[in-house]
Amino acid sequence: MRFLLDTEQRDFAASLAALLSAADVPAVARARAAGDDAPLRALWRRLGDAGAFALAVPEEFGGTGLLPVELALCCVELGRHGLPGPAAETFAASTLLAGTEQQALLPGVASGQLILSLAADGGYAADPDLADAVLCLGDERKAPLRQSLDPARRMGVPGDAIAVAPGPGSERATGLAALCTAALALGTGRHLLAATVGYTRTRTQFGVPIGSFQAVKHRLADVLLQLDFAEPLLYGAAVAVQDSAAGAAVDIAAAKAACGGAGYSAARAALQLHGAIGYTDEFDLSLWIRRARVLRNAWGSPSACRRTVLELRPAAEVRN
Amino acid sequence: MDLQIGTEEQEFRAEARDWLRRHVPARRLPSLETAAGFAAHRAWEQQLHADRWSVVSWPRRYGGRDATLLRWLLFEEEYYAAGAPGRVSQNGINLLAPTLFEHGTEEQRARILPDMASGTTVWAQAWSEPGAGSDLAALRSTATRTEGGWLLDGAKTWSSRAAFADRAFGLFRSTPVEQSGARHRGLTYLMFPLDAPGVTVRPIGRLDGKPAFAEIFLDGVLVPDRDVIGEAGQGWRAAMSTAGNERGLTLRSPGRFLAAADRLVELWRRLGDPGDTAMAERVADAVIGARAYQLSAFAAASGEGGPTGAASSLNKLHWSELDLTLHETALDLLGPEGELADVEEWSEGYVFALAGPVYGGTNEIQRDIVAERLLGLPKGRRG
Amino acid sequence: MRFLLDTEQRDFAASLAALLSAADVPAVARARAAGDDAPLRALWRRLGDAGAFALAVPEEFGGTGLLPVELALCCVELGRHGLPGPAAETFAASTLLAGTEQQALLPGVASGQLILSLAADGGYAADPDLADAVLCLGDERKAPLRQSLDPARRMGVPGDAIAVAPGPGSERATGLAALCTAALALGTGRHLLAATVGYTRTRTQFGVPIGSFQAVKHRLADVLLQLDFAEPLLYGAAVAVQDSAAGAAVDIAAAKAACGGAGYSAARAALQLHGAIGYTDEFDLSLWIRRARVLRNAWGSPSACRRTVLELRPAAEVRN
Amino acid sequence: MDLQIGTEEQEFRAEARDWLRRHVPARRLPSLETAAGFAAHRAWEQQLHADRWSVVSWPRRYGGRDATLLRWLLFEEEYYAAGAPGRVSQNGINLLAPTLFEHGTEEQRARILPDMASGTTVWAQAWSEPGAGSDLAALRSTATRTEGGWLLDGAKTWSSRAAFADRAFGLFRSTPVEQSGARHRGLTYLMFPLDAPGVTVRPIGRLDGKPAFAEIFLDGVLVPDRDVIGEAGQGWRAAMSTAGNERGLTLRSPGRFLAAADRLVELWRRLGDPGDTAMAERVADAVIGARAYQLSAFAAASGEGGPTGAASSLNKLHWSELDLTLHETALDLLGPEGELADVEEWSEGYVFALAGPVYGGTNEIQRDIVAERLLGLPKGRRG
């Protein structure tokens, strides 16, 4: 057993972090919110160059084949840096195209030239207006484009969305979308916690930094507690997917419940402890705050995921 | 002990209900945090006022109906149950007016209240400053004595309604701390026009982008003496009574939450899976919280009136958390629709509710106050 | 409308409080726990002399007729002082005996000479070993006597329990038992909060009273918040029963959920903030701590009560 | 990154499972907090020891198997899954022994550990004093230098296992604060017999009445020098490493909570209403929490070992809250049975879980430590 990231994986994460830190992601998100997708497309391509979008594309189409741990790792970084756009959906949809008429899109997806989106059965696709192809699980359908609470995100199902019939492929894609969304939520929460710790260390009220108040300390300690115990669930789920383990669906649901909940707790704490400034659109933190709310429920609310855990949990004998 | 609504109150309520049924706009007005919505809401205030429904608890001479606290509670229940628009005048009516009743002069009341009641003048609050949020006594904007009045300088921020309102009220330092000896002394409570020379208003977008508040920059803004509330230098006490109003019953009436709870139950009946006990319990919690608030207000109306002082802190903790429970539950019930920016009134209500634990004194401060003043726990350094 | 206790009611509560304060109720509870019921029976009679047990007995049997507000008030005081024994069950069962073969017991119940118990449908009766007559709702049945987590409480259904068929009478009794239990829970919580405030004001650690720590303050403020907003629900339910209001069952369920939950929160806070001393059997506070847990679920757990609220809630039009 | 259990570990686990299947008593032993139960649990320790299962992670020369952290985790999973008895020797094995490995002498280890491993000597902890709970540095019991040893005086309290144990360990003030200059200096870590002259043990009943801890009064109790751990006057540092063990993995292994979560799921399948999503979600939360703890331990076993220092505080917050979640959910699931004093292992487990947020340093203290040392928030006065 080696339940730890290896050096190569850490280096990969660090390279993505460096790329994203230098990219002014908040400006990219604001441009997208204002209707200008060019900066996001450019950044997407650079992430593609760094290998981010090849992680779920089969090797014969220019990808690495599915690498769930790297995928989780990558999404944590994308979440931490607040990347807008349908990253989880692109990854999940990547696994559905081989052998279909659209398989020619895959090399472009792997390189970051093309963006995909995917709608859950009965749900909306994230950012279909940005995507070069949209898949929808379940029946063919259409839903007009609408604005999300997250200003850089829009939801809908375009008329030309490609319906994907239920089957093992769509189940695997649903699981991957949930896994990636869990990772995005965890990364989002990590940034929110770090930013709030930074703020409360310097913001003074009543003559002292507000981070010296016990109520502030305890709230942030609780956020760290949630994030730190969500993280092993995330990587545990990634390993289960990698091993095609029997309990993978349960592990993904557990990870999504924990990461989605922890990310939202981090957002609520960030909002409360920043006070009014955190509540303003113009303060960049609001990008992460709004995203945390949206990621909490996307591809499975904590409530829905908990039920999945209980319904599908193998008996103890089978687990060992 | 009884909860019977007497015949006269029944009649009052029926009259309000009837009026609302006939006048509440069939379509929801645009958000009052937008220019068009602000104008539409101001027009609605004028309509309310024309039939004396804008300030029912005020004396008749200022446009009210001398309504008791109970009648006001019943009016508010009817108001929100009817789906009537949010009150763009609420900062004036619920925060400034009580202060004028308590600390203002008759001249001020006669001059200011009728225009407030009619929506002719819409007021913004101007409490916080960049370095003075929870710690209000840290404020640094100044009022300097000049012939017949005061010159205001400095900056206020998080002023709700200030993007579109006519006038504002706030505290200014008229004696430096070095001279007054304490941070909450030497403060003067002043009112000023938002279009006066020297005033610059910079709207600030809320979490949903709407300019729900603004920064106000003041550069030698002249305010006449008659716009000082209470005595110069004694503003803190008057401000604290305003803060009590911000936390007490009047700003956030039980009727508001009862109506939201009813809408949540409707949403549950429409969209919820009846077998989903987890969601059912969350909906029920909100219903129970709203009912508790209503009954607690009825107790207040039967006795000493609404909560004041530290008791208002308990009140604020209750309604601010209830509001979040209501809206978070609704968003979850809505499923994929729940993340959209304009789902009925839930999305905007959610964004609004998120601010509840912060404004009017953060809930952390409220818990300190409750513990120290209601429970008698020893004061630490603030907290 | 006058949603406030009147002077007579306040005086009644004060007289009960004075009687109980002088009675060393913890010693009574410990005697009961050790198998000696004599002190409890004696105290029960004195409470009977003060009029406590007449409040649900019809006038023709020496009672006052049902006075729900006084009943709630009385139970709050009994709970505050930690009275053991089946008070809620005695009150509820009092309403079931008139017109039955056992109606001759009623004058004794009203005077505090006799004690009743009552089992919910499918549940146990509290303290049947102490009761002079035990009723059970639903089918005739029997369950051996077992010890509760509350050391002064035992649960079971004796072989001679009188079965009460379902009907309006049994529904009303169930509601009354829940109302009284809510009141007991609220009173229990009030005492736990007061005792914990007292303790944290004087207990010093790190050179200061622990009540000056913000974490302690906030936890106790939250308990007060819960108790203070549970109380109007309790009296609202009592008034609804008094008026035979259509929504009485909903109001009782709301009150039970809120009071039961608040009492248990108070117990958890008391335990945490007293540290080890609160966790000892010999420290009297433990009597209230254990009782709060038991009262939380008796006659309807918070969960069950919330569901009742939603199921039975009349539409808004009917409520006005 | 993988979660594969290697072949040798599989074999180790299979061996443990097999042994446990053959030896775990068919009937639950009486509570170890009673005289009869204590004796039965001591006998069980001896049985474990006879086949080298009592201290698998220790070196072989002291009765262990040199097991890695991973093997220990697997053993603990098997142990609790098999429904094996609670460990009456845990204070010795998990708190004192690590301190002896780190700070003790070879003589001490050779003398003390084998008897601890076999259950011949059962240890109690003696940390708290009436005025020193969370604030351990406030302790006042003294160790006074005497010929060849120390004389102990004072009182210890909340000593778990002390009602029936053989020996105890704790901190004593060997230099008065006036001389040492700081409250956590001048403390000496000592071991002493509970049946020595001058020792009086007064058992204290826990919330369920069982004598789970005791007061220890010390009146001139003579302790030889060889029973000082580390240097005299330097006890604080050694004690803090014990505290870390109390919060870290070893005292409360993931296996314990995984087994409880499995039992909870069984209870749910047996008694729960499958349509009751509210209860289902609570059960699932416990399952998820136990799994998170297991995986976090696997990460530790793959890397630097169990959490130490401030990270152990995070660990303690997790398991103590998880334990309460597990047991409160079970009691609610049990319905009317849930309030009975002896429902399977749930009642006693619930009472035990209630103490979790208090012992080993209250969870309030743990949150302070997490905030200050892991997040780097500024120290206030303690908290």
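The chains carry the letters A, B, C and D, assigned in the order they are written, with residues numbered from 1 in each.
As a convention for this text, contacts are C-beta pairs under 8 Å (C-beta built on N, C-alpha and C of every residue); 3 or more make two chains touch, one makes a residue touch a chain.
Just so we're on the same page, UniProt names per chain: A, B, C, D = Acyl-CoA dehydrogenase family protein.
Not measured: the values here are computed from a predicted model.
Enquirer: Going by the touch criterion at the top, tell me which pair is linked by more C-beta contacts: B-C or A-C.
Expert: B-C
Enquirer: What whole-number Å value describes the gap between the mean CA coordinates of chain B and chain D?
Expert: 52
Enquirer: Could you put a whole-Å number on the gap between the CA centroids of chain B and chain C?
Expert: The mean C-alpha positions of chain B and chain C differ by 39 Å.
Enquirer: Give, as an integer number of Å, the spacing between the C-alpha centres of chain C and chain A.
Expert: Comparing mean C-alpha positions, chain C is 49 Å from chain A.
Enquirer: If you average the CA atoms of chain A and of chain B, how far apart do the two points sit, in angstrom?
Expert: 38
Enquirer: Pull out every residue in chain C that's touching 2 or more other chains.
Expert: 208, 213-216, 218, 303
Enquirer: If I count partner chains per residue in chain B, which residues reach a count of at least 2?
Expert: In chain B, the residues touching two or more other chains are 277-281, 364, 367, 380-381, 383.
Enquirer: Based on the touch definition given at the start, go ahead and assign the chain network to line, ring, star, complete or other.
Expert: The chain contacts form a complete graph, every chain touching every other.
Enquirer: Provide the residue numbers of chain A that touch chain C in the complex, in ascending order.
Expert: 213-215, 218
Enquirer: Considering the complex alone, what residue numbers of chain B touch chain A?
Expert: Chain B residues touching chain A: 128, 133-135, 138, 157-158, 204-209, 213, 278-279, 331-332, 335-336, 338-342, 347, 350-351, 354-355, 357-359, 362-364, 367, 381-383.
Enquirer: Okay, in this complex, where on chain D does chain B touch?
Expert: Going through chain D, the ones touching chain B are 275-281, 380-381.
Enquirer: Looking at the complex, which residues from chain C come into contact with chain B?
Expert: Going through chain C, the ones touching chain B are 1-6, 9, 69, 193, 197, 200-201, 208-209, 211-214, 216-218, 220-222, 224-225, 228-230, 232-233, 235-236, 238-240, 242-243, 251, 254, 257-258, 303, 306-307, 309-310, 313, 316, 320.
Enquirer: So in the complex, which bits of chain A are touching chain B?
Expert: Where chain A meets chain B, its residues are 120, 122-124, 146-151, 155, 205-206, 208, 210, 213-216, 271-272, 275-276, 279-282, 286, 289-290, 293-294, 297-298, 301, 303.
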